[in-house]
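Dropping the structures in below, format is structure tokens.
Note that chain A is present in both complexes that follow, paired respectively with chain B and with chain C.
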Partner chain A sequence: MTPPRRKGVGPLILIAPAAVLLGVFLVLPYLNIVVMSFRMPGQGTPYGPGYTIGNYTKFFADGFYLFQVANTLWIGLLTTAICLVVGFPVAWQLARGAMRFRALAYGLVLSPLLVGIVIRSYGWTILLGNNGLVNRTLTGMGLIDHPLPLMYNALGIVIALVHVFLPFMILPIMAGIQGVDPSLESAARSLGASRFTAFRRIVLPLCTPGIQAGCILVFVLSLSAYVTPSLIGGLRVKTMAVTVVDALIDTFQWPWGSALALMLSVTGALCVVIFARLTRMKWKVARP
Partner chain B sequence: MKRPVLTLYCLLVYAFLLAPILVVVGASFNAGNFLTFPPQGLSLRWYVTFFHNDVFMRAIRTSLWVAAVATVISGVIGTMAALYYVQHAGRWKETVRVAMLAPLLLPEVLTAIALLFFVYAIGIGTTTMIGMVAGHVLITLPFVFINVSASLESFDPSWDMAARSLGADRLTRFRRIMLPLIKPGVIGGALFAFIISFDTFTISFMLKGIGTSTLPIQLFDYLRTNFTPEAAAVSTVSIVLTLVVVIVSEKVLGLRIHRF
Partner chain C sequence: MTEVSIERLTKTFGSARAVDGISIRIADGEFISLLGPSGCGKTTTLKMIAGFEEASEGAIRFDGKDVVNVPAEKRDIGMVFQNYALFPHMTVDQNLAFGLEMRKIAKPEMLSRIAKVLDMVQLGGYSDRYPNQLSGGQQQRVALARALVIEPKILLLDEPLANLDAKLREEMRVFIRDLQRRVGITTVYVTHDQAEAMTMSDRVVVMFGGRIAQIGAPSDIYERPENLEVAQFVGQVNLVKGTVTGVAEAGRCRVASVFGEIAVDSRANHAPGNSVTLSLRPEAIELKPAGQGGAQGKVTARYYSGSIIDYRIALDSGETLHVQTFPNIRIAEGDRVSVHAPADGFWLLGAAK
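== the complex of A and B ==
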């Protein structure tokens, strides 16, 4: 039975405020970034009169920024891969495990999301610093003589980013696994498939959408993360998002900052498209 | 336990997830001047320092104010949009959903940059709180939308028709059928919006004016130059505030908040 739909503009009033809000404060400003990236750099002002493609030629001419984009992509890739490896078994147990404490475990996975990102990154600086808890404990136990370089480098950034974004990997994969009927696996086993084969041929292809969603989410979030890299990386390791924000807030180079932000977004989006293509193709080959 | 290795592995991951949070809470009771290990005795002195620190107190007030305003606005707009989405969107359903979730899917740093340019382009700059509030409304809107539309999933149009056939007018139908259905979703979404707004960083960081820093920004600025346990005390108070909101919503109101 279909609901009786009122004709006319009546119901549109419900969506109008959201449409106006998104149009004025999201769509227009985003288009404005593109325009801004083609403006002239200003002298003492955020941007000058006239238009140029100079911001983009500067980006491609200067190897430093290409290197920084590559470095940011690498950190994002590493974070995503580690989140996947660390998160999958947890998602599996949450979805399939016969646990008495499932609600508690679920709460534990969600809990980091309720704590602000500044506080979580601060926690990692306490743990990873040269005088931090980890290094103090290891020196105290006599395992190391000098503190391990855990902070102010890519390693520290990746550790903290994995922590910050792990729930975003676990939750979609958990939902994906929950969607796979356990009897399919039993059927494969009864037909003689080993546990590993049943997992690889039946479960994995069926929960691929969840894995894809988790990977894309974590990758995109790590590329645009600002707080964690700037607190953990300090002045020594800068990711692209940190460089962009500094260019806008500290030195007021709006056109240059916009071009950098767009180049990072475009390369990030390209990676996501390639990833989506590759994973889909691979599963097609894997299936009989 | 059937699979001890898996269980142990999961426990390690949970420990990893909780570690930095527990460390911050623990550090806040450190009596020393610096974050030293082991702590030089237990003390609440850093809480006292924090409560007498005008900068942090003003930041907490700003955070609560922005979060309250943003929650009310996105609560109303998000609920209306969810009603439209479930009842009237028809073949535009997918478009409406993607548009409403867009602020969640787009990188927050890009949204913040976009809004920064925008408030200057329309000439108000960061002298008013309009830009910051608009940003907070944008990023909290998806959470209200998700929660309200999830609570409407069980809605059966025939209930509405039955009430109509029994002579109920539009207002009565909304009040007696729709409102009880969406109430948990609205409250849950609003609470989540409040937490998100209270904790968000990048939007506030780009759009803050003079003297309008929120708590996360003030904390971030403080951490760049100071290493006293006061920051840990500030963080712990902020965590406790969030926990209170969650516990109230789960225990008192009996709500399940939908994050995705």
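== the complex of A and C ==
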């Protein structure tokens, strides 16, 4: 029995606040950015009179910016992959583990979110620096002679981003696993499947939506992260987000910054679409 | 086919003994029900047979071979779950093929076996449906088919009818029983529904608190319950106080009660003078208009339910009786009645262990 379809303005009223919020604070600014990216650079002003596609030709002509986009994507990809590998077992334990420790584990998973992102990133600069805790410990133990380069490079950024975004990977996957009835695994095993086969053929496909959600969240958050890359990457490694902010605020070139921001958005969105296509479920869930 | 032998099987969770040293021998092709209230250990027992739960002590033998250390996937069992546990991302065909793929059965044989079993459960045209496109009863039959298509040694069913509505449940009882007879597979069926256990099983195992209270044919369990607990669990029962006046013959005592002095079947021996409790099933009692002998009483309540009528009778001696009769006699609430109970309607209960 499906409930009768509601007519009238009821549903519209329900979504109106969110729609207004999105329209005013997301769609309009985005349109503004699109227009801005075609403006002429200004002389002592944020932008000049007239329109041009110069900002885009500059972007594609200069390998430096293409490289920077690639680097940003690479950092996002690496962060997502590591979060997935590290986060999945945790999500599994949270979803299926013993009740006793669940509350504690849940708290631990959420703990990175309890501290502001600036403080967390500063914390990592203390840990990862040449004279930081990690390097001093390793040198002290005699495992290395020279400090490992953990700051001002992609590795440092990835380490810090994994820490910051791990909860965004764990929570959707946990929800996905919780949605899979444990008796399905038992059923698979009763039919002759090993634990691993039962996991691969039954559990994994069924919690794919959770994995997709976690990966997409972490990936887009990594692409757009600003504070962590700027603090840990410093002047040496810049992600697109950092470069965009430089252009907009430091050098005051709004058209150029807008073009860069859009290129980042477009490539990021493209990656998400490709990812979703590659991992799309081959089965349909028909409505009962 | 397969004989299953369970020997002193025990499962402890911490200090709690969920299953406490039970032994059952299940003959080849036999349909056995584990019957009991929730928490009696019946599902834990089934899970140990399936291999999902490790036995703390004891042995489970399939044809003499102990399988306690064999993992679930190597035990060659077919299992039907309470919620069916069909793979939601696979069609009916793919659900059925799963177990055959695990056994590396060649494609042509796979297809013919799936077709045969689907036919058996009367789901011929449903190969390409997804589970959520099927009704509860259909899902149930797919679950059965999936368990049977692998031709397992034994079939295990965990309250498979609990989620169906009453009418369908009765249909499925007969369906499963007939199917099991045709296939001839050794079957263990877990349920808390006594009617289900009675209609389907060759033998019923009644369990309370992790132990077996009684094993026997359905008629045995119903007519000759081991103790009060069993008698009350497998149906409505009246309890009549009496005093042993003598031993009639082996397995029979003479007992005096409101219904006079009668010879009653009993499993235990009782000495004359002992106070005992007799069970009397509601449908064994006959009601007649007042003044026709037997115990006298008054109808305090009458519940009409079509095929039978339920009466509550207050005997003049102070006892209350629950009586079921066919609706062909017309006795109204408030009427005075003569209550007759034939001697073979009584059973002398042993004390609960």
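The rule we apply is simple: the second predicted complex is superposed on the first by the 256 of 288 C-alpha atoms of A that agree within 3 Å, B and C clash if a C-alpha of one lies under 4 Å from a C-alpha of the other, contacts with A are read in each partner's own complex, and residues count from 1 in each chain.
The working rule: a contact is a pair of C-beta atoms (placed from the backbone, for glycine too) under 8 Å apart; a residue touches a chain by one contact, two chains touch by 3 or more.
Note that this is a predicted model, so its numbers are computed, not measured.
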Superposition-derived comparison: chain B or chain C, residues of chain A touched: B
First (chain B), second (chain C), both or neither touched by A:261: first
Which of chain B and chain C A:156 touches, first, second, both or neither: neither
Which of chain B and chain C A:76 touches, first, second, both or neither: neither
Touched partner set for A:194, first chain B, second chain C, both or neither: second
Touching partner for A:186 - first (chain B), second (chain C), both, neither: second
Partner chain in contact with A:115 - chain B first, chain C second, else both or neither: first
Residues of chain A at both interfaces, chain B in one complex, chain C in the other: none
Residue ranges of chain A touching chain B (in the complex, touch as defined): 1-6, 11-15, 17-19, 21-22, 25-26, 28-30, 32-33, 36, 46, 86-87, 89-90, 92-93, 97-98, 105, 108-120, 122-127, 131-133, 136-137, 160, 163, 166-167, 171-172, 175, 220-221, 223-224, 226-227, 231, 241, 244-245, 248-249, 254, 257-258, 261, 265
Chain A-facing residues of chain C, complex: 50-52, 71-74, 76-79, 81-83, 85-90, 98-99, 102-103, 130, 132-133, 146-147, 150, 156
Chain C partner contacts - residues on chain A that touch it in the complex: 181, 183-184, 186-194, 197, 201-202, 205-206, 281, 283-288
In the complex, chain B residues that touch chain A: 2-3, 6-7, 9-10, 13-14, 16-21, 23-24, 27, 35-37, 76-78, 80-81, 83-85, 87-90, 96, 99-100, 102-103, 106-111, 113-118, 120-121, 134-135, 137-138, 141, 157-158, 160-161, 195, 198-202, 205-206, 216, 219-220, 223, 231-232, 235, 238-239, 242-243, 246, 259-260
